[in-house]
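Before anything else, here is the set of structures, which you'll find just below.
After this come two complexes, each holding chain A, first together with chain B and then together with chain C.
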Partner chain A sequence: MKQIALLCLLCLALSASEYSVVISKKIMISAVTAQQIRDIFLMKRHSLGNQKVIPVNLLGQDISRITFENEILKMDRDHLNAYWIKQHFQGITPPITQSSYDSVKMFVQNVEGAIGYIPSSMVDNGVKVIHEF
Partner chain B sequence: MSFKLKTILLFLAVSLIPYALTMFLVGNSFRQELYDAVTQEMHTQLRLSVERIDQHLQTLQNDMTFLAKSDIMNDVYTQDLDRRISNALLAKKTDLKMAGDFYLLTTAGIIVASSDFAAIGKTIRSKPFVEVPVYSTFSTQAIGKLAVTYPLENFKRFFSNTQQRHYYIRHADGSTALRPSLFHDSLKVSKRLKNAPDLTIVLEEQKEFAYRLLYKYELWFILLLIGGGIFIALAAYYIATHLIEPIITLSNTAKKITRTQDYTQQVHLQRDDEVGELSHAFNTMINGMDQALNEIIGLNQEIEETQREVVFTMGSIGESRSKETGNHVKRVAEYSKLLALYYGLDEEESEMLKQASPMHDIGKIAIPDAVLNKPGRFDEEERRIMDTHALLGYDMLKHSNRTLLQAAAIVAYEHHEKYDGSGYPRGLKEEEIHIYGRITALADVFDALGSDRVYKKAWEDERIFALFQEERGKHFDPQLIDIFFDHLAEFLTIRETFKDIHES
Partner chain C sequence: MYLRILSLYFVALTSSIYADSYEFGHGFNLYDQLTVGGYVSTELESNTRSDTFTIDDVAMMAYGNIGSNFSYLGELEAIGFYHKNVTDGDEGGSQKFHIERLYGDMWISDTFNLRFGKQITPIGYWNLEPINVLRDTTSNPLYSKLLFPKFLTGMDINGYLPQSSSTRYHLFGQTTHDMDEEYINIPNTHFYGVALEHELSFETSFGGSIGEFITLSSNERTRFVQGNMKYENGSLLITTEAIASKTEYQTAQTDYTLSGYLQSVYHISNEHAVVGRYEYYDDHHLDYTDHIGVLGYSYRPIYPVSIKGEYQWHSQENENRTLFSFSVLF
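And then the complex of A and B:
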């Protein structure tokens, strides 16, 4: 049972850790909740504690972005569009974008406070994982 | 310099100098006007071109500023990994159809992105034309700068150059670029670019082309100018000669009068002005001079006449006292003149001698009648008294300053001198005796011998001639004796003309 539970957990972990939310290594934050990430990417909060954060989205209709929106933001594309149109009138624009995982990773590495999501397989020493989904 | 020449030159100067001055000013203002018109037009064209260029540069700058603020500039952090910036810059370059490239530089000066992909990772080499700072969407610090190289060839498409007119660019340091050709002489207008203050656009036009109208008619202008000058000069010359014509006439008449000594000439100028008055005054003056001259001549003649008569009368007095007939004096006078002329004296002097010789015996009026009119021969004392008449006559006449009386004094003094020195009163000889004395001696003796006297009968001619031949060189000057015999007929004619008329 424990083994099954472990396996399930592993499976869950494997399936759940397909993508990682990463941040610059320099930042002292170690774990962030999905709720916090959601707020950051919807431009509802701009910092974690004292640390200013900059969300970086992936450009276009990439599968990872769709997954991220469904898993973390919990909004589909129509909802999201409606949300940003509404926000636009309040002067709030969506997060900046990068067109590839590599550039997201590089951006996160180079910019203090930048938060992006990349496939877990791409995680290396340059970035720190603060959440997985 | 003559009056005529001076007047003509003055007129020429007075008329030509203002003409030349006026023409110069008119020509100059025409040229200036043309220059203004040409440059005005050039200024307009230049202004339009410069405005277009400025607009273009403004567009370039605006586009760059816009780009520098766009989202993709965040890719600076990823070293433009996805070439998003580079592609955008390339698109802009294509859009603007320009030569030159955009460069995105980091604050360290490394090229992160460029429309020229080959330059990425290097440093920019040439000086950028425009630079704008680049900001990310989440930072107030500039994360780099966007630069563009903009070769001057880009300006070419704004330049509508022709053979005669073209644009070029002048830098602040005076060097030029894009200048197609050098004109020998040109008009230039220039204007600084507002959006690139280092650059000045110059519009240059060939002078020959700008002034083509002027050059086209230049020859005609000059010909017209010269024609006008000649016309004015001719008019001035004509007026000047016409003006001074009466003066010249006056002057010519005056010259003619001076030359011919004919004071009856008049100037014929019928004018109502001062010149007319002048000519009238001139005529009156000349007329007066003529009359005065005639009067003087008349007076002179009268004086001479009086002198002659006085002398003659004085001579006659001497003669009459000695009871010699009056014609003796006349004959002696005529003989003397004849001898004088043949001797070589001139007409005037001979005439004077003729008038002076009658006075040779004037001294006799001081001789007592008893002696003077004594019939028969004189004794010693009487002869001595008688002989003083020469000195007496000389004393009477010597004080006068008149040449005639001076001559008469000489004649009276020396008419009894003899050539060989045996005469009286001084016993002079040969050339010591004045020629007047020598002549009168001969004339007197010839007439005395040929005439009856109270104390003798007239001699025969042969006897007289014989005596003369004998006395040649003794009593008489041999030269005069020769003259006498050479022209004997003339002397005899005189004797016949003035023959004494005997009352018996």
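And then the complex of A and C:
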């Protein structure tokens, strides 16, 4: 019986989402779709409901960023690079970046409308989860 | 005047002490309020009459955000910067810079954004990415050059349709002279239109537009209806656009022009791609019809550097040609 319970816990742990898309707790939005997040991080949309949002990305090529790009943006690094080069011609720059998960989290907590992603294990009362992947 | 702007541009460009780390093809981000960049392209053409070399586009651009709801973009371009006819030795060119784009964007909401100034006409796909380095072929289809004004000096209200997550609209109009009339394919003081673009899935989108314009030189009114569709899945990109226009001629009866293209790009790898395109152009008024087949090859050692070659077959006699180009976006 104990072994079955442990197995169930292990399955739950493996199926849990690794990363969370988070915004400030002050914002009255509870959940958004992957497409909405994609549009925001591709700078196609700039708001969620009536709230203007500021996407914040993680600097560099961390595994979480690659996972985010593959699962949410649905683009690999080369396609994304081509996309931003085309956007440069349109006068659009990529989202701002922060150098660590801690600074992403702090930015989201302190800047109204900021939206970023962090490991789910870092989520606490300071931020609100609106999507998991 | 333009020389002064050019000098300021290069001062800004070389002020990289303030810039974030530079990524080729992404522009120099000096401040949030200022990113600068530009592009250049050269072209080699061999047809039945002559062989020519052209430094076709030399352009520089600057853009940025001013506050959270306002942004701007300015672009100056010299087209036909240098031209040499290799067959007869003639050379020339124009180093005069023209205003290609100069506009502001005021964001009110995702359903209501206001763009005002000189801008690219928001019709279809090809017209929105008109520069050599972003294209997959050196040549442009006739569809994109002859049938509607490529630029608009006026207002474009645009955004997502209310309650829609995947349909964008544009409502645009021009009632004045073009900001730089030497630099537009169809000078006019009257141009209105509506465009819609729907994202069916991540891979597929389609759209269309209707509009009318009155040419400045002949005072002839043209109305058009246009449609476009795109499918992109990994290594394959298929794009098609078509337009039908009706012109009320001053000295002849009203007549139609039909044009369109279907282009397929297959990416062998990130660097290499083969391109095939079929074009159709039929101007009833001029009694001119052409079927054009294009087979091309594109090599991008890195994405913002493009080396392309193509051969064009025309149903019109003596129009076949070979084109090569090298272009860079920085």
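Note that in this section the second predicted complex is superposed on the first by the 117 of 133 C-alpha atoms of A that agree within 3 Å, B and C clash if a C-alpha of one lies under 4 Å from a C-alpha of the other, contacts with A are read in each partner's own complex, and residues count from 1 in each chain.
Everything that follows uses one rule, which is that a residue touches a chain if its C-beta (ideal position, glycine included) is under 8 Å from a C-beta of that chain, and two chains touch if they have at least 3 such contacts.
What you see is a predicted model, and the numbers here were worked out from it, not measured in a lab.
In the superposed model, A:K74 lies in contact with chain C only, and not with chain B.
After overlaying the two complexes on the shared chain, residue contacts for A:V111 are found with chain B alone; chain C is out of touch. Of the two partner chains placed by superposition, A:K26 touches none, neither chain B nor chain C. Among chain B and chain C, the chain that touches a larger number of residues in chain A is C. In the superposition on chain A, contact is made by A:K86 with chain C only, not with chain B. In the superposition on chain A, A:D102 contacts chain B only, with no contact to chain C.
Of all the residues in chain A, the ones that touch chain B in their complex are 54, 96-100, 102-103, 106-107, 110-111, 114.
Listing the residues of chain C that touch chain A in their complex gives 25-27, 29, 35, 37, 39, 61, 63, 68, 71-73, 107, 109-110, 128-129, 131, 134, 160, 165-166, 202, 270, 303-304, 329.
By the touch criterion stated above, chain B contacts chain A in their complex at residues 71, 74-75, 77-79, 81-82, 84, 137-138.
By the touch criterion stated above, chain A contacts chain C in their complex at residues 33, 35-36, 39, 45-47, 50, 52, 74, 78, 81-82, 84-86, 88-91, 93-94.
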